[in-house]
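In the part that follows, the structures are each spelled out as structure tokens.
The two complexes that follow have subunit A in common; it is paired with subunit B in the first and with subunit C in the second.
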Partner chain A sequence: MNLIIDAVITGVLTGGVYALMASGLTLIFGVMDIINIAQGALVILGAYFSYALEQHLHLDLFLGLLISMPTMFLLGVLIHSLFIRPLKQDRTMLSILVTFAIALIIEGVLTILFTTNTVQLQAPYVTQSIKIGDFYLSYIYLYGFVLSVVLLAALYFLLYRTRFGQSLRASMQNRTAAELIGIDVNRISAITYGIGVALTAAGGMAYGATTAFFPGSSYDLISRLLAIIIFGGMGSLSGALIAAVGMLVIEDVTAVVWSPVWASTVFFILLVAILILRPQGLLGKLEGRKQ
Partner chain B sequence: MYGQSKPWRAPLILLMTLSLTMAALAACGSSSTAGTANTTPIKIGVSLSLTGDFSADGIAFQQGYQLWADAVNASGGILGRKVTLDIVNDASSNTQVVTNYQKLITVDHCDLLFGPFSTKLSIPAASVAHRYGYALVEGAGGGPTVFQQGLNNVFDVSLPVANNLVSYTQWILSLPPSERPATASYATQDDPFTQPQIDLARSLLEAGGIKTASYQVYPAETTDFTPIAQKLLAANGDIVILGTLLQDFTAFATAFKQQHYNPKSIVATAGPDQGTAFLSAIGGTADAEGIMVPNGWYPQQTTPGNQAMVSAYLAKYGGDINSISSDVPEAYSVGQVVQQVVTQVGSFDQAKIIAALHSGSFTSVQGPVKFDSTGQNNSIAAFLFQWQGGNLVPVYPASSDPTFKTPEYPRPNWP
Partner chain C sequence: MQHLRKVSPLVWLFAGIAFPFVISDPTYTTIAIFALLFAAAASAWNIFSGYTGYIALGHAAYFGIGGYALAIICQHWQIPGGYTPFYLVPLCGLLAAIASVPLGAIALRTRRHTFVVITIATFFILQLLSYNLRSLTNGSSGIDFPLILQWAPGFYNLPFYYVALLLTVLALGVSWFVRHSKFGLGLLAIRDDEDRALGLGVRTGSSKLIAFVISAFFVGMVGAVYSYFLGSVQPSFTFDALFDVAIALMVFMGGIGTLTGPILGSLVLESSQQYAALNFTQGSGGLYLIMYGSLFLVVILLLPQGIVPSAKALWARYQATHTASVLPDPSGSGGANPVARSAPGDGMGLATPREEAKA
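Up next is the complex of A and B:
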């Protein structure tokens, strides 16, 4: 029983980190109708950004986000301008190819800069833990979860309590109508892509502090992130949070009760069952946009 | 009528036929003359994982192959011809590796083939090479499944993978009963490289009276290792035996540190053998202290060509001897064996090469090479290595070689 409780707690905390990584993906899809296959590679880029700041400037991982997030935001705007904005027709399909190419470029650059050796972010709280009852709760999972909650809350505030958020949601609901009422949809899209990429800096830091990584780590990651946003409903922020936590709890509990081999299988069986009943996911696109 | 109208035609045809025959004979003669003085470089085709999951090992393999090519070219090449490596990236994909070897054989017309990295990729690579009648000599595809395909063309110069942890089990069972662990926990990827090693170690230890506290198999694409670590923690085995590569070993070590879990001994199939990359990933020398890994090679070994290879590595890639991945000598050994067999056969006739590989005895930086009927090299045994004071040192079997140290047991607690 202790193992199951432990698995649930760990699943919730780790799910928060995955929600942070997936939030950018679902946000970008919601506004631009593009599937950002580069999201996994951008998460790994964010992890390496934190690694470089830690190694060369000896910056604390969380303080380093003050540099990495704005930089990654600018990188996102640049990527949008160079690769996404020129896509005028068949955006959804073409975006898969274009963002896959971006992922390959990022992996290649990271390999040149950092080699293919596996690394992990180091800080005292990465290996330290606090004892609660019979459990040792790792600080990095706690801090990572708090970071996710804070950033997702800030994103929620931005979307639903600001003028920019109104414009962004209008663009999500109907791109053409938003343009007709004077919203600069291209500008909104660029900023949204930038925000999505900036979030990967934070997600990457949390991922890199909990998991060893190398430039090719994005391949295993992107499939999980896509599963999360499909489960939660494409374009839904709260759906991504629920789905990420749900996925990790289901997998962790299955792993300890049954076997790690079946962890992903059980989740995907549930995912298929839910999609049969609700093809739009838990909080599908329409509902997600009504929030 | 036709012949009568052109009386010069018959002698002309005869003359042309004679000329062509003479030219053909001359060409044959010059061809055979050129054959003996052929200076065209020998093209060796290799598919390597330069990106993706196996990229760290793939790049280390590339270094090993290149060091061998540099050495053999510096000494005049093979059969008087220089060698060039035709390396293509398979991105760690077992479908891309098939495409790559087909291209290397049918488009690039390579004279020889070297193997890819990993058991997983060697299985399809060996099939493609077999289809075209090529010998595939490799150094990192030692999983049993590679040799269970019934192919006669695949040869692994390294020790058979399943036996890697045998030296560890022998050491554990040689401990005095008062010190010997009572229980062992196991976790492994569902990978043909790691799982056979763990399964054999488990059966040997159980036969020696060491009970299994936990046995976990997980998919290779796992990114969240926490629940697996939790099961190992709950089982609280005296020793932990991991079927890992560096990425998942680091995840387990981090979880063990977080949970204050200090097994008396930790050994992994791979990861701790990655030198400075391992130290960097795990957090430094204090964290590495006492961790073990099996291997068939160490830098100070006095095997043929080893010191030259180590010196060449340090000159070309820098670092110290701890930074040399064990992949490098595995790749280098492939080149050494191929060089010996081609020199012995005197040609690139693949059937003759395959026959000679089956019957011959060879040497390598990893030790002697003699293939059994399946293509496995049973001539060498694994050493057991342990991180001590920031160095990975051989500790078992005991040896008079001053490089060997006494094993630390139990290993110190996490710092």
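Up next is the complex of A and C:
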């Protein structure tokens, strides 16, 4: 029983980190109607960014985010303006291919720079743990969770309490109408993409501190992130949060009560089962006819 | 001109049959085998994704099922290496097709992006299963095919080459047949406007599923032959995420929704890629990924319509300026492009579904 409670706690804490990574993905989808397949590779890029800062500048992982997040934001804006904005027709489908290509390029660059050996981020708090009641909790899980909650709260504030957030939500609801009332949708899109990518820097740091990774880890990540946002309903932020925590809890509990080998399979099978009942996901809206 | 159109497929077929006799170097016939197998897979993928406009990025799942099916059958019944496994290839395709019925039915409940993502998810589920169902798949160490000892090194590639050629011709033939049938017209109508097609009496649900199963059938057979040629199946190679992207890129490069585009794209891309892999083996694969990704970006951003439609548009412009009478579209391939609704002519004399809907 204790093991199960422990698994649930770990699941919730890591679920927070996945929620952070998935929130960028679902936000980008909501505003731009594109699926950013590069999200997984960008998370790994963020993890390597923290790794490089820590190895060469001996920066603390969390302080390093002050450098890596703005840089990744600019990278996101650059990717958007170079490769995503030029897509005029059939952008939904083409964007999937374009972002897949970007993911391949990122993987290639990381392979050349860091080889395919697995690494893990190092810091004093990565190995230490704290005892709460009967449970030992690694500090990094706790810190990663707090970081995710803080960033998600900041994202919530940005979306629902600022003028930029209003424009962003307007663009999400109806792109054409938003343009008509004078919102610069292209600018909103670029910034949204930048925010989504900046969030991967933080998510990547938390991921890299808890898991050993290599450039090819992005495939596993993107499949999980995609599963999370379909599960939660594409474009729904709260859906992504629920799905991320739900997924990790299910995985961790399955790993304890059955076998770690089947942990992610159970989640994917559950996903398919839910899609049979609710094709639009938990909180998604049914896709109507596009005008 | 009309004669040329009728004769040119035969010329190409003859060139395909004669190729291994002209160039018998195994290095090049190996490249040709891979190129032809990809041509068959891309052509089959195009039957579903090109004609219906639903981009499926999970066909590596059916490729893997085909490969694993053949490996497991050979291991289980202790089939010796040689010609026998080739006779089992259609069975492997059938198994892939059977697997694609429920998976396709689930995925096709959704549209557009959700569909794409679900197809990707099905691929990952099957890859995970191939790792985890150890009793059946032998986990991450995979299964080896029986060795083919009786074939001399100089002869070894020939049977594979002709099987690959046969698969390509079959896939192209089915693609042609679908393109010229009422069923295919329904698929194109789905691509242009699914709701309106449904309103006009196209059985959209079953049409999509049938096209999906047909493409999975061929991709499964390709997977079986491909794996047999490589000599073993392994979760990471047989269920390869790059396969999904590769066939999509080939089809986009050649011209999605056209008949010959996928063949052209895969022959050009796969042979140049294999050639590069042979000659630039240095680097840990990173450079190769960068090149592949960049090529992908260039194709999509600069040639979003693909080679065949772009060439057709150029040819039409040339004809319009250089001849007094504008002939009907001369190239053999049909199909309007989803990203080029304004492209001149459909090449087949068929009314596009949109025009039909207006009438």
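Following the convention adopted for this analysis, the second predicted complex is superposed on the first by the 284 of 291 C-alpha atoms of A that agree within 3 Å, B and C clash if a C-alpha of one lies under 4 Å from a C-alpha of the other, contacts with A are read in each partner's own complex, and residues count from 1 in each chain.
Keep this in mind: a residue touches a chain if its C-beta (ideal position, glycine included) is under 8 Å from a C-beta of that chain, and two chains touch if they have at least 3 such contacts.
Here the structure is a predicted model, which is why all the values come from computation and not from measurement.
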| item | value |
| --- | --- |
| Superposition on subunit A - do subunit B and subunit C clash or fit | clash |
| First, second, both or neither for A:234, with subunit B first and subunit C second | second |
| First (subunit B), second (subunit C), both or neither touched by A:136 | first |
| Touching partner for A:52 - first (subunit B), second (subunit C), both, neither | neither |
| Subunit B versus subunit C as contact partner of A:96, first or second or both or neither | second |
| Partner chain(s) touched by A:272 [first = subunit B, second = subunit C, both, neither] | second |
| Which of subunit B and subunit C A:226 touches, first, second, both or neither | second |
| Touching partner for A:256 - first (subunit B), second (subunit C), both, neither | first |
| First (subunit B), second (subunit C), both or neither touched by A:264 | both |
| Contacts of A:8 with subunit B and subunit C, given as first, second, both or neither | neither |
| Shared contact residues on subunit A - subunit B and subunit C | 107-108, 111, 115-116, 215, 219, 223, 261, 264 |
| Subunit A-facing residues of subunit C, complex | 53, 55, 57, 106, 109-114, 116-118, 120-122, 124-125, 128-129, 131-132, 195, 241, 245, 248-249, 252, 283-294, 296-297, 300-301, 304, 338-339 |
| Contacting residues of subunit B [partner subunit A, same complex] | 50-53, 55-56, 58-59, 92, 190, 216-219, 221-228, 230-231, 234, 246-248, 250-251, 254, 257-260, 274, 277, 280-283, 414 |
| Interfacial residue positions of subunit A with respect to subunit C in the complex | 29, 33, 35, 83, 86-87, 89-90, 92-94, 96-98, 100-105, 107-112, 115-116, 215, 219, 223, 226-227, 229-230, 234, 261-262, 264-265, 268-269, 271-272, 275-276, 279-281, 287, 289 |
| In the complex with subunit B, residue positions of subunit A that touch it | 2-3, 6-7, 10-11, 14, 107-108, 111, 115-120, 122, 126-129, 136, 138, 140, 210-217, 219-221, 223-224, 248, 251-253, 255-256, 259-261, 263-264 |
